[in-house]
Every structure is written in C-alpha cells, then in structure tokens.
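Chain naming follows the written order as A, B, C, D and E, and within any one chain the residues start at number 1.
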Amino acid sequence: MIAFQRVAHTFGGVRALAGIDLEVAEHEFVAVIGRSGCGKSTLLRIAAGLLTPSRGRVLVAGEEVTAPCRDVSLMFQRPALLPWRSVLANVLLPAEVLGLGEQRSRAHELLELVGLGGFEERLPHELSGGMQQRVSLCRSLLQDPGVMLMDEPFSALDAITRTELSEELQRIQREQPRTVLFVTHSVDEAVLLADRVVVLSPRPGRVHEITDVPLARPRALGRAELDEVSRAVRASLGEVTA
Amino acid sequence: MKAVLPVLGLLAIVGAWWLATIVFRVDPFLLPSPGDVAGSFLELPGYLLEQTLVTSWEAVAGFALSVVIGVPIALLVVGSTVLERMFYPLLVALNAVPKIAVAPLVVVWFGFGIGSKVLMVVLVCIFPIVISTASGMRSTPNELVELFRSLAASRAHEFFKLRLWHALPQIFVGLKVSITLAVVGAVIGEFVGARAGLGYVISTSGASADTSLAFAAMALLAVVSVVLFYALVLLERKLVPWAEERRVV
Amino acid sequence: GGAEPAGSRTEVDYLTSFSTFGRDAYAYVAQEKGFFEQAGLDVTITPGTGSVDVLKLVAGGRADFGVADFTATAITAAKEELPVTVVAAVQQRSLAAIVALEGGGIARPADLAGKRIGDQPGSTNQVMFPVYAKAAGIDPARVEFVPSAPPALPQLLAAGQVDGIGQFVVGKPLVEAAAKGRKAVVLPYGDLVPDLYGNALVTSKDIAANRSELARAFTGALLKGLEYSIQHPEETGTILKKHQPAQDAGVAAAEVGLMAPYVRPAGFTGRIGELTEPRVERIVRTLVEAGAVPDGSVRPGDFVSFGLAPG
Amino acid sequence: MKAVLPVLGLLAIVGAWWLATIVFRVDPFLLPSPGDVAGSFLELPGYLLEQTLVTSWEAVAGFALSVVIGVPIALLVVGSTVLERMFYPLLVALNAVPKIAVAPLVVVWFGFGIGSKVLMVVLVCIFPIVISTASGMRSTPNELVELFRSLAASRAHEFFKLRLWHALPQIFVGLKVSITLAVVGAVIGEFVGARAGLGYVISTSGASADTSLAFAAMALLAVVSVVLFYALVLLERKLVPWAEERRVV
Amino acid sequence: MIAFQRVAHTFGGVRALAGIDLEVAEHEFVAVIGRSGCGKSTLLRIAAGLLTPSRGRVLVAGEEVTAPCRDVSLMFQRPALLPWRSVLANVLLPAEVLGLGEQRSRAHELLELVGLGGFEERLPHELSGGMQQRVSLCRSLLQDPGVMLMDEPFSALDAITRTELSEELQRIQREQPRTVLFVTHSVDEAVLLADRVVVLSPRPGRVHEITDVPLARPRALGRAELDEVSRAVRASLGEVTA
C-alpha cells in the first residue's frame, strides 16, 4: 500500500533522511521508532505528499505521491487546531473540507471516547496540552481514510489515557482495518499496536532494523510475549546509539 | 471608568487648545478657540448635522464598497504570484496619485452626485484593505496550511476556511486605517464638486473666511471618524473573540 | 542694477494671488528687471493658494506682502477682522467673469437664466453675482451655481458638465486650450459693475503702520514691474518661463495681453495701482446690498491704507 | 522572470490607457494619452527630476520622523490602557481632519520650506504606523508573553525583546501603507504653499490646463511610490527572514 | 521551599484544581503525575506566579507568590521559542533578561549536552519537535535558579535521549541541589528522578496520594527496587481512574 523507494531528504545542509526503503502492506500497522531528530516526521510528511523528497519516491496504492490525497490522513506531531473554531468544529473540519456529509453524531462519539465529552463548545486555548492532542486525534479519526499517518499521537497523554486509546485503536483496526504508519517514542506502545516495528538510525535517518511482532490480537500491555519483543526492539535501538 | 478616560483625554486636549489660543494669543482666523467653534456649531446645528449625515453616508458607502472590492483583490494577489507581481506595483502606483489632482476626471465621469464621492472614498480606502488582508492571509502559520493541504483541501477552502479567518485580526487593522481615510476621502470628493456635506461646508466657509465654521465642520468630521472607528472595534470584538485574549494554540 | 550686495537689502516675502500664471507674472518681471533690487529689496516670491490663504498668511506674518482679490479682502476683513490692509489695486476693474463656450447657449448676460454655472464656493464671481444679475436684468435665483474646485473648472466646462464657469477674464486662453479650439464667450462683471477692483496688494497693518517706507518701496517696485509687464507681454511670458519652467510662455503672454486693459482701462488717467475712497465706499455698499457682509461691519479705512496707495 | 511580470503589468495598464484614450476618444485635457504624457516629460526632464527629488526627500524625511514618533506612541498605548483609552480616540480624530483644510495653519507655523511638508507627511503617516504597531504588539502569543513574565522580565525587555520583534511583520504592513501616503502627504503639503516639488508642478500645471504635464508629474509620483514601497519590501526581507517562510514554532 | 495551601482554581466554569495542599522542601525533587487535564500545568503556572489561584495561596521561600520571581524557572509544556532568534540566542534569553552576564560558553555546553551541537545558528522552525523541546530545556537550565518547575520536559523525546537527560539531571542535582517540581506522564521517570511522587486525581485536581522513593542515588532505570516503587505508583494511579 505504501512503498518508500530510496527516499532521501536534505533540508538546506541538514541531511534528514538517507535512502529509506520500506514497504507497508495493505491493512498493515507499522510503527516507526528512532531518536529525536532522525527524520520520522519528515518521513510522514513525504508520505502525505506535503514534502517532495530530495531523492527517491513514495508510492501509495501503486501511484507515486505528488500531492496530498483524500484517502491519506496525517495526524501532526503538534495539535494544529484552528484557534477560532470550537473543539467540535475543529473535529468536523475534515467532514467539511472533504464533503463527508453530516458527521456531528460521530464527532460527539469520538470526543466522548477520548474523554472530552462536555468540552465540545470550548475554544482550543481553553484546553490542556493533552486535551488538544486528543482533539487532533478525533479529527484524524473522523476523516476515516484508508491510510493513516500518525506522528506521536499519544506523546502528551498520561499512561492510562494512552492505554485506553491504544485499546480503542486496536478495536477500530480490528473492525475496519486500515494501513497505519505510526511514529512513537514508546517501544511498549509500538510492540502493543504494530505488526512490524521499524527502527531508524539517528540523523540521517535510515532503516536500521525491522522487528516483526508475531503476536495474536487483542494484545494487552504487560504480557510476557510483548516484553520479549520489546526487549528485542530496545536492543536494536541500543545498537544504533552506540 | 471606561467612558471616563476618553472624556478626560478629550478635555485635556480641548483644554490645551484653549490655553494655547489664550497663552500664545493665536489669531482666531488661524485657530479659533473652542468657544468660537462651539458658537459656530450652535448657530447652525440642524444644518451642520444634516451635512454630517451626508458625508457619513458617502464615507460608509465607499468604505463598504472598498471592502467588497478589496478583499477579493487580496485573495487574487495571495492566490497567484503572477497576479501579485503584475498588479501589486500598479496598486501602489494608483495609491500614490494625489486624489485631489484626479478629481476633475472623477467629477466629469461620475458627476456631482454621490458617485464621485464614493469613488474618491474607494480610491483612498482600498489600498490599506488589500495590503492588510493579503499580508494577514500570507502570515497563516505553516502548520495550519499543511493541515489543509493534507486534507487535499481546495484553494477555496484554504482561503475561506483558513486564511481569511486567520487574517481577520489583521484585516481589522486595515479596516480601521481605512475608515478614517474614508471620511477624509469623502471630504476631498466634496471639495471638488458638491452641494452638501461637511467638505462643502469647509470649502464654502474657507472662501467666506468663516474659520470657526470650518473648524466646527472638522470637529464633526472627527466625531464621525471616532464613531465609525469604534463601531469597527465593537464589530471586531464580536467577530474575533478568539484573538482578543491573544492566545496561541 | 545689482549695485548693492544682497546682505544689505531688506528681505521681503511676497505671495502671488494664485499659483504662477501670466496674470501674476509681473512680480517675476520686477525681480528680473532689478526693480526690487533698485528699491533695496531682496524679494522671495512664493506662489499663493487663493485669496483667503494669502490674507491669512500675511496676517499671520508668514509673508510681508501678498495679492488677494479685493472683494474677498473686504469680506474677510469684515468677518474675521484680519490685521491686513490694502495698499494698491493691481487691476482697476474686476477680472471676474462668467466664461462659457461658443455654441453652448450663452452669448449674452441675459442667456444666463436657467443655466448651470460651476464655481468655487465663496468666490468673488459667486458673491457678486446678484449684483451683476441685477445690472443685467435677470433674476439671480434662476441661475444655479454648482460648487467646484478652481483647477477643475475649465475641464468641467469643456466636458459639458456645466454651461459656464466663474473665471477671471484672463483665463480665456486657458479655457480655450482646454476646450481644444472651441472659442470662449467671456462675460466680464466689469462691463456692468465698473466700480469693482480686481486684485489688490495687501500687507499687514503692522507694516503699514510702522514700516510705511518699506511698504511704499515695495509697492512702487512691484507696480513698476506691473507696468513694464503690460507693456511687454511677450517678454513677460519669457521671463515667467525662465523662473517657472512648467509654465507656457505663449499662454502667459496672452494672459498679460488680456489683462492690460483692466490694469489701465481705456480712459483711465490715474496712476497704476490707484485706490480712491469714494469707490471703495461704493463697493462696500454694494457688498452690503448683495448680502455678503452685514451692514456697518466694515468701513473703507478698516482695510485700505489710502495713504500708502499710489495716487 | 521576476522582473518581467511587473513590466508586463505596466505594459498592460499603459496599453489599456492608450486604447481607452483612442477608443472612447477621451478628451486629452481630461486624460491625456501616454504619448502626450511622455512628451511632456521629455520637454522638461531635468526640471521634473529635480522636483521629484524634492518631493521624495520630503516624503522620506516625514516618513522617518513618523516612525520615530509613531512607534513610541504605540509602545505607550500598548503599555497603558489608561493612555490608550485617553488618547486613541484623539489620534483617530486627528487622522480624520482633512489635511488640506488646516494648511494655512501649518504654513503659518512651519513656513513655506520643508518644515510644513514634513509635518503634512507626518500627519498622514503616523496613524497607520501607530495602529499597526500597536495591534502587532498586542497580538503577541500568550505563551511567549508568559515566558517573559516567568523570567520576571522588565516591561522594557518585554517590549523590546519580544513584542516589537513579534510585531515586525505587522509593522511593515503599516509602513507600506504609510510610505505611499507619505508621497501623497508631501504633495498636499506642496499644494498648500511651496516653491518646488511635484505637487507644485501639479498645482501650477493642473490649473493652466496643461493636463499632460500634471500627468507626467503624477507618473513620477507613482514611480517614487513604487520605488520606496519596494525598498521597504527589500528591507522587510532582510529584517524579518523568519516570517518570510511563514512558519510557526 | 514551596508550599501550596488549599490552592484551587476554576477557569470560567471548569474546575481545574480543587484544594491542593503540598509542601516541597528545599532541594527536594518532587514529581507530579496525573491524568491529562487534571491541572498539572495550572499548578505550575500558579507556583510560577503567572496565574493567581481562585482560592488558596502558594508560598515560595516563605513569601506568598504574587508575581514571577527570578529565582524560579518554569519550563513550559510547549517549547515556546522565539521564532526570530537562533537556537543559541533562544538559550541565552534568560541571561539577557536577568542580566546574568556572559553565558555563551555555558550555552554551548548545554546544547552539546542535549545533542544539539552544530545547530546553534539554526532558527527554531528548522528543528524537529524533540529538538525544540531540548532547546527549551537548555534555556531553563541556563537560568540556573533555586527552584525549577518543569512541565513534561521530556515528553517529545525518545527513550534513549530521555535516559541520557535524566541522568544528566540527576548529576546536576547532585552537584548543585535545587528544589524541583517536575510534571511527567512517565511513572518510571518519576520514580527514577524524584524523592517523592505526587499522584493527582482527575479533574478537578486534588492530591490523591504521595509515594516516597527511599532509594539511594545515583539510580538507574531497570533496577528491581525502582520497579517496586513504580508498581506502587501505578497502583495509586489505577485507583484514581476507577
């Protein structure tokens, strides 16, 4: 579904990505992990068609990505909410822009799900950092695309909310599988959610190692099998540091 | 308290003016004292208020037209670098033409009626509106633009659901500059050819050496400006509440 | 001339009546011909911006002398009590006129009834129109005055926005130039109201009272320039062009030629610049009749220094 | 490419103007053809360029003075609600006074020299500068203001190290509006009483029915405006590089 | 050193904090943990003097906090960098504002320490999210105050950088002890760094339980004793969810 072919990118002298080769199959959930600044966000922006790579190319559904496409959603690392819109209106933005029809009840459902029931009419600046991130997550889920690119969606959340939302994501994925590329700094989260975990080397980013997570779903944190895979990923991360 | 301060400011200035006319013995034909001006107003209150309405209406009509024309121009300029490069310099050039010098042309084409005044107002108002709207839309944060891009949003959506909203606080700066210019523009239009309006009063009284009447008319102009300006401020408070607190998200 | 160095000459600031047309060129002639220098004066000429502004600037001390319309001076003196005084009449007869274009339906004063006249509000032409209309035997109420700025007037007339405009007689070449060859019809007020003066040289009451020698010297030199100018219209045009490159020497010469009979009308035997008290009194009375000034608000001596005027 | 587009735009407009004068047979005393105007310029090129320099210098001097006065006023207004409430309305009122109507006053006080022109320029320029600077400083994101507060920063630091920098892009909008007004202000100053400058050329030629000379002077004015405007644009590029890319952090 | 006395805060209808009582001793390191939106950031902003609580008061060094004071630093949840300043100039801001004298070499040291050597002259928008957060951390460390308030300082960082910086923070704290109030979502991090871990209840925030961490320093992640305390904190967090 997504194929990175020798994708490299340089920002005015800074080599962010150096030759990424990676294939993500349809309905596969791939987690990307790597040091801060190794080019994970850049990778997602390239896949979303927001950035043209300096070299190489990305195919989505067999077609080269040259511009953003409606079937691909990108959840940004920062919440990127419109300050003049209420929480609800922010969540409904993709429905308006993509002409998805009436989605109010679904938006309410999603907000309830992430624990923001009752905040629908607030403006973004009245929310805490983690709450803003959850609004952004709802917006991304409302778009309901075939391919989801998620950039550290749970970074500002506490462990419990994180677990709840991971479970929710697994449930959604079970009911209606999507292709997901998911950036995270949490190895446990990566192993919990993903079919494969890609470890990138530090800047310039390169695929260092890919670890399969051959475990049945639903998975739950704290299981021994998960810890084992986690340890493998950590080892792989440790190598790239040295 | 809120209402007291502007009144205090006004009193301070009027007081300073009065003192100046007394202490420096400024000749009344140059700068009449506030008392003379008030006297002139009280001689013809009904007539002067009528003229005030005429000028206000011209200014408001021209201002509204400027918004209706200026905002789309800004959209075009922001939307297309080619259009910007081609026509921005011309807009700048147009703005640099002293309006009073092209006035005969305007009167010949638009007559002595309200048309020529409204055109004058548009000529002075449009530039601040275009430039502030364009600059406001341009300054939209990259992360929000990328959000819209990632949704494969059309240009229209990007402009009307994002950039225009983001620009609103800056558009209001342009509008506030324009509204005071609008009043001046209407007056200049009236200088050139009119049978009514405060500009007409000023040019008539100037010729008949009635300096305090001219100042009374100018004081009324100032009042009109201040009222229109604060009407915009109120509108801004209504329309742009999120920016009032100056928060960032 | 040129005997004395500029340093020992008295510095004088002078304002023309309006801009730097041929009708105001005599000051440049006096400058160029050394009349000012011979009188021990170092004169700076600045283009004025209309009678009322000139009066205010002279009253405010920004200029020592200036030229303003005599009627406007009388009205302003009455209303604002400006400390200014007239020391000479530049034209013995008013230059005020209604100017129309041939074929535009106005050929005689009687044709004015029912027409639209463009003019600066408060100009002599408009203020004195009732007097003129009475002399012409028409009802002033039947003529509509459309207020407009002076620079726009020829254009408005040429474009047909108005039937006639208030203008000085010397503006004829200008109007004809704007109308591209169409002939202009000029109806001078002076034909029917011969008492009115044209422009006047004004100075502050302070100078008139305390520096009367300066006033005399300047008036003399300026009027000498005026006399030379009406005798040599072509040369005047050239001199003006030299000082003011934006002006057209030909148009200016034509203006000066037209102005000559108003400075020294046929049969006039007095000195150039002369002012007489009976005439000024008649003018004030006319102004009162026309409703331009309240009765008793001004007397001739209030705004004219007959002692300083030639003749 | 960059230089071609404005030239194309110019050609388009001049072409349209030429066509209009031919097709509608506009009388040349109303709207002379581009050829007539060029002819007028070529008759007196040295003289006209000299006048252009005079006007440009007045405009630039007045503009610089407006910045020097306007920015501190904006600082005061933003710094104190009391001052804002007291004096903002007066500033609005001042801006609404038609400058041409107070001209004799200005000339009496400041003379026929450059002083009165510079004052005129300041009067027209100061308002957009104050309002855009004040609004830009007010719109500083709350998180940055809190950063400075948390450092117990003095007001001076908050203003000069934060708000003024943040406001720079908006200040430039005000400056761009002002610079074109500055040229117009200088011309109005020259209408009122001057011995040189493009405004002087316009007022003398306009009334002597030499319309093409007036238009030549106006074309030069437009050129001056455009040059000054794009000088500001260049300066902005130098001073505000972080805003050029319109990123947010 | 810091004493919260019945501190409560309500934002236009939203009760954020409800009666916080908490004392932080001099040179103590206290971690605060709690659900997203429970009022942690609000608590820090009140302690920093940026916000006046609706009820109650905060004392720092025995004096009631009414305005920000130079001896207290606050590291914000978002990086809050000045976009027109280079990385180095951003880090130097406190030195300029507080008049700390020449601190260039120290700023370079700090940037080197957090792995941003070579990025000194870049503008903030050229950095990744985690890199921006590290700049903000350097800025906060440069201020060198007696009291440090830190709002999720490591949330955007990968595990390895996080560990490195935690160790660095421990070292600094050993060499020159400070009073620290540290908000985090990571229980492991809290236990690793803190003398006490405060668990807040969900909105409105209240002190739910305080867990002592009676372990010798330096500590390192992965030790069994730490895991034990972590489990206790997790249990306490689990209770508040129920």
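Note that in this section a contact is a pair of C-beta atoms (placed from the backbone, for glycine too) under 8 Å apart; a residue touches a chain by one contact, two chains touch by 3 or more.
As the structure is a prediction and not an experimental result, all values here were calculated from the model.
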Original post:
So which chains count as neighbours of both chain B and chain C?
Top reply: D
Subject >> Chains in simultaneous contact with chain B and chain D >> reply: C
Original post:
If you average the Cα atoms per chain, which one ends up farthest from chain A?
Top reply: C
Original post:
Cα centroid separation between chain C and chain D, in whole Å?
Top reply: 37
Original post:
Roughly how many whole angstrom separate the Cα centroids of chain A and chain E?
Top reply: 27
**OP:** Between chain B and chain E, tell me the centre distance in angstrom, where each centre is the average of that chain's C-alpha atoms.
**Re:** 50
Subject >> Chain centre separation (chain A, chain C; CA means) in Å >> reply: 85
Subject >> Multi-partner residues of chain C (at least 2 other chains) >> reply: 52, 56, 60, 151, 155, 159
**OP:** Would you mind listing the residues of chain B that make contact with two or more other chains?
**Re:** 30, 100, 104-105, 108, 142-144, 191, 206, 243, 245, 247-248
**OP:** Mark out which residues of chain A touch at least two other chains, giving numbers and ranges.
**Re:** 78, 125
Original post:
Can you list every touching chain pair?
Top reply: A-B, A-E, B-C, B-D, C-D, D-E
Original post:
In the complex formed with chain E, which residues of chain D make contact?
Top reply: 143-144, 146-154, 157, 161-162, 165, 168, 240, 242-243, 245, 247-249
Original post:
For the complex, which residues does chain B have touching chain D?
Top reply: 2, 5-6, 8-10, 12-13, 30-31, 82, 85-90, 92-102, 104-105, 108, 127-128, 131-132, 135, 138-145, 169-170, 172-174, 176-177, 180-181, 183-184, 187-188, 191, 199, 202, 206, 214, 218, 221-226, 229-230, 243, 245-248
Original post:
Which positions of chain A touch chain E when the two form their complex?
Top reply: 11-12, 14, 33-37, 41, 77-78, 115, 126-131, 134, 152, 155-162, 185-187, 234, 237-238, 241
Subject >> chain E residues within the chain D interface of the complex >> reply: 45, 48-50, 67-70, 72-74, 76, 78-84, 93-94, 96-98, 123-125, 132, 143
**OP:** In the complex, go through chain B and note every residue touching chain C.
**Re:** 27-30, 100, 103-105, 107-108, 111-112, 191-195, 200, 203-211
